[in-house]
Amino acid sequence: MRRLEVAPLTRVEGHGRVELEVIEDRLAAARVLINESPRLFEGMVLGRDAAEIPSLVCRICAICSTVHRLAACQALEQALGVIIPPRAALIRELALLGGHIESHALHLYCLVYPDLVDADSVLQPLQQGDPLAKDGLALKAFGNRLQTVAGGRRIHPINLEIGGVLHAPADDELAALQDELEGWLKRIEPLIEPFFREDAWPDAGPVAGLRIAVDGNGEFTLTGDNLVCSDSSMVNASGYRDLLQETALPDTNAKQSRKGGTSLLTGALARCEFASPGDKTTPFPPGIHANNAAQGLELVWSLERAHDICRQLRAETGDLCSPFRAGPGSGTCVIEAPRGILVHHYELDDMGRVGAADIITPTAINSTAMEEQLLADLADETDEPTMRQTAARIIRAYDPCISCSVHVLRVDRP
Amino acid sequence: MIRTRIAYIRLTSCSGCQLTLLNCEEELARVGELFEPVRFEMLSSAADDGGPLAAVLVEGSAARPEEVQRLLDLRRRSRWLVAIGACALSGGVNRLVDDRQGEHCAAVYAGVCTGRNMFPPQSIDHFVAVDLCIPGCPPEPQEILGALLALQRGTLPGFLREHAVCMECRQRENLCLLLERKLPCLGPVTRGGCNARCPSIGIVCEGCRGYADQPAREEQAHLLRDLGLSERQVRERMGRFTGGNHETP
Amino acid sequence: MSASLVPIPATLVRILPEDPENRLFELQTTTPFHVGPGQFVELTVPGSGEFPVSTAGETATGFATCIRQSGRVTAAMFQLDEGMIVGLRGPFGNGFDLTRFAGRDVLLIAGGLGIAPLRGLLHALLEERERYGRIVLLYGARQPENILFREEFEELAANGTVELRFSVDFAPQLGEGDGYICSVGLVTELLQGLQLAPDATTAAVCGPPSLYGCVLEQLASTGIDPDRIFATLERRMKCGTGQCCHCVCAGVTICRDGPVFCLTELRSMPGAI
Amino acid sequence: MDGFVVKADFLPRLLQQLQENYQVVGPVRGEDDVCRLQPLDEWSEHQEFSLPRISVKKYLFPPNELLYTTKNGTFEPPPPPEQMAVVGVPSCDLYAVDFLDRVFADDPLYQRRRSNLLLVGITCHPSEDCFCPPRDTPPPFDLFLDEERVFSGTPRGDELLQQLGDRLIGEVEIDHDWTCEAQGPPLPENLERRWAANETKSFWEEIGGRCLGCGACSAVCPTCHCFDMQDRIDAAGNAVRHRIWDNCFFPNFALVAGGHDFHPTRGARFRFRCEHKLLGFGVFRGESSCVGCGRCRAACPVQIDILEALDHLREGAIP
């Protein structure tokens, strides 16, 4: 037996590596390992006032900071019985969409696109004046602008607190965003086209894992009350544990999610399959690489939705934040991070302080599927360099966020 | 033109400081012209050639021997070492687990995590000499870019100041949240350079850039208590980014 | 003097290492630029910053300054090569008034890098050597190898132009060539045994704050008129024009009203030394 | 100086006239109830002449001002600023401009801005924080509006009045009382001697013990003019320098190479600021530059009051 290493995984978020066990030139086992220190956010929040939590937990991950912060707000609002004003909900969703656009653009144009043009990084195509790299980054910048206007900052937004939001974008800011959104909607198609090209990807087999997503009743959504699974089951957020059966792996700082022994897939591809949009004439590329195309499709939907929200917000004048009183309760939020389902669950004691917290991140959910996918797609591969390269591209296709999945993947054994 | 060789690594943190550079979308092409990212895993697949570096940028706190090893190796290879962000500078939010690390580890991993091979997260100046500090959680893009441009010219940058957020907030003629809204703003003791981003949209400063030079911590704590915060709340609020909640101001 | 905050370009025509920490930079400008002894200029390393530095004397084509690598900007200055361009503002401040020295014995007391402005003064005095009586230079440095401009001074002493005495804080052993090193200890010890005519002597002192603390009043106690005991002060002089307020001490703008003050003035400036 | 009674619509007409040649700014009260100087597009009936958070100083001595850009080994100053007219400047802020004019008398960049700035003063409506010193000479202005009268102070002002001749009714004597109705206590006599006698630390250190060192007082002061300079490389690769507002409350303000700090405590820094405001530095020694606008009192988060320092000096013994 030989052990091949793809280390470090590059152009992904966080430190990880892949170990491939090869027996007689055939891949026998695949493991995704992480190189991160546990950061113990679920412990850190214990004993703290609910109000402190959103700004702490958004520091789990920079790329998903908006969605982490929002998940905490929503779970804690549920625990405290707070109903937020409709205007605040719109501003929050705008921030969420901004994060979605930024993250997808980062993944597609900075992390994946270099593979399509055979470069080490996006810097090479950029310097050569490649219009796709340039426009892709401009789209990423625009996602950041949405996050800034609605969330107050690109990374670790400040505007989202328990009860609603603290600040409303000015009308002229919203009007400017509307104009820009219209511009983007006109030019988005050629920008996502390369990710649909079939010849751009390595050969790949069927995608592993039961699909799960936040239920949008057939529509594109990032928020909702229920989780839906491709085996036709549906659970309410509070029953997330039934769907995501997490176990701690012995002797490691790792947890894994499965459903009745079957791996799960979450993310853009899963969402697209549930959303069944009217127009899906363009076929997706093969296998898991379809996730990239699905992200492209979501960019379009996100821009459309953001445009709609800007319009609605300009007509809104209501309150921004509902008052709340500290007290006991428990709440769960399921929400779609750019790379899949994120769950935040908190239990508050009589003083309104956190007594228990549980955070499940999408990359943790996908980890088993990733390993299965590596095994399946590389089954016939015998050339080692190709094996390494393809393995890296398969992992990249999931758009993993290793730093925020820190407590749920296997770390290096000591 | 010979590009300046740099590395940008991350230890225990959220990737926000690296993302801050990638968020300089308009300037990235220029960055690519001037710099060769010898090691910057989030951005580039190029394999580290192990050669000398002009500067290594470090995000995150050190929490494992392996991270210290990586720091020491890059320090040896580099003319300058730049600590970026609250985690690298003070330990940041990572420090909030500090003395309860083992306890939390057990809670989060249902007793299976032993906390082995890790130690309470530390600022990186515990292990290596730091030439330049760029604060913030997250840091300001213009501070990172400006610092890079200076380093590329062979000098440490001189524009990073350590005065309080209040100065910039006053220059922007904002409503004073502390004085006029009676909100617990940390502007008077927090290091500026963010152009008072949060107070300018009516949100109190939460201190993400760490303390200003010679902060009036006791006076600030007194103010917060006057606004109705409990002793514990004052400690938690002021300690969020400045090395944990152990120190009473 | 120009009060403009926009520098003019100056070329580094020569860079001479003086000792391990100090270098002499000779600058040249396209238009004549005269810096009097005791005055200072603001030097800009483009992109890095600006710092005040006194003149260490004029050269054939401009003037020289002696710079110690002590911070960020001076470190950047030390990266520059001959022929490169720096920015120059000034000259600033009131330097030494040579009429106060004319017809009198001159006592120069320097500690460490304080020798640089006094070298500028010495050069000015030597321009018209005949106008002055004795010129005595007392100079304290940390170690023998830290004595700046040593050869130049020893040559002047050898031909009788000046009387010279060095002191050093540390010296393992004084050897043959150390003839002018008279003591191991404080520069003030060099004063002992000097046959001074206090009422005919003008003194100029430059060095670290600790030097002023002990030497100025000691000179006054020997009988030298406090109006004829001069010291040059060091502060964080940023603008050079009395506008930025960084160097203000006791209401006095050091950059504009100084940096050279007589002891009588200094006595009325609490906190100045 | 000429004075005229004006017709009711003089102000809007003046604004129209100014907009032909100047960028016009004036005090505007925002949604957050804060008054700031900002560009004026049109004359509002509800235009309120209250004291802006920061005076006209921000246009003459901007918080962050480009000093030069390097180009091929030379240091190029920025292009000259645009012509600007500031409408509705209260007299305390005009006196502050007079002080700054003298501080920066030799500074070409300041003078370039100043000569491009037209000032339209206005009788102020004092707030509870004001404490203006007595005045017997007028401050600098191009035009000054005193309720239904207008005065011209410069040839530029004369020219404007000529252009607006049809809005003027009749010439009047100028009998304006330049001392504001919110008159503060006069400076104590023998201030310099009192100052020297009051070097005793206890009072200043007691205040320093409350002070946050945030610098808000200096930031809002219309005569504070401490500055620092910052160098950087711009995106195009040129070295640039900016002049930025500094603040004597910052710990490194009086730090010298070698690490000695001449103002080591917040008490010492507060004393330094009071000395600057009340006694003056350098050629301005003996002249108070405090115009009594009261901004520093209003801005201090811990209610430190320069009048407290003045009282302390007044009550202290003179040797």
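First chain written, first letter: the chains are A, B, C and D, and each begins at residue 1.
Just so it is clear, a contact is a pair of C-beta atoms (placed from the backbone, for glycine too) under 8 Å apart; a residue touches a chain by one contact, two chains touch by 3 or more.
Predicted model only: the values in this text are computed from it and were never measured.
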{"item": "Innermost chain, where centres are averages of C-alpha coordinates", "value": "B"}
{"item": "Winner on C-beta contact pairs when B-C is weighed against A-B", "value": "A-B"}
{"item": "Separation of subunit A from subunit D, taking each centre as the mean of its C-alpha atoms, in whole Å", "value": "52"}
{"item": "Rounded Å distance between subunit B and subunit C, as computed from the means of their C-alpha atoms", "value": "42"}
{"item": "Mean-CA-position distance for subunit B and subunit A (Å)", "value": "24"}
{"item": "Whole-Å separation of chain centres (CA-atom averages), subunit C against subunit D", "value": "39"}
{"item": "Multi-chain contact sites of subunit C, meaning residues that touch two or more partners", "value": "45, 47-49"}
{"item": "Subunit B residues counted as touching two or more neighbouring chains", "value": "150, 153, 158, 202"}
{"item": "Per-residue overlap in subunit D, given as positions that touch at least 2 other chains", "value": "230-233, 239"}
{"item": "Residues of subunit C touching subunit D in the complex", "value": "3-9, 44-50, 70-71, 85, 87, 208-209, 234-236, 238-239, 241-246, 248-249, 251-253, 256-257, 270-271"}
{"item": "List of subunit C residues in touch with subunit B within their complex", "value": "45, 47-49, 72-73, 75-76, 79"}
{"item": "Residues of subunit B defined as touching subunit C within the complex", "value": "150, 153-156, 158"}
{"item": "In the complex, subunit D residues that touch subunit B", "value": "32-34, 36, 52-54, 58, 63, 209-216, 219-220, 230-235, 237, 239, 245, 247, 250-252, 266, 299-302"}
{"item": "For the subunit A and subunit B complex, residues of the former touching the latter", "value": "8-15, 35-40, 42-44, 46, 48-49, 52, 55-56, 59-63, 65, 106, 110, 114, 120-124, 126-127, 134, 137-138, 140-141, 144, 152-156, 158-159, 166-167, 248-253, 255, 392, 403-404, 407, 414"}
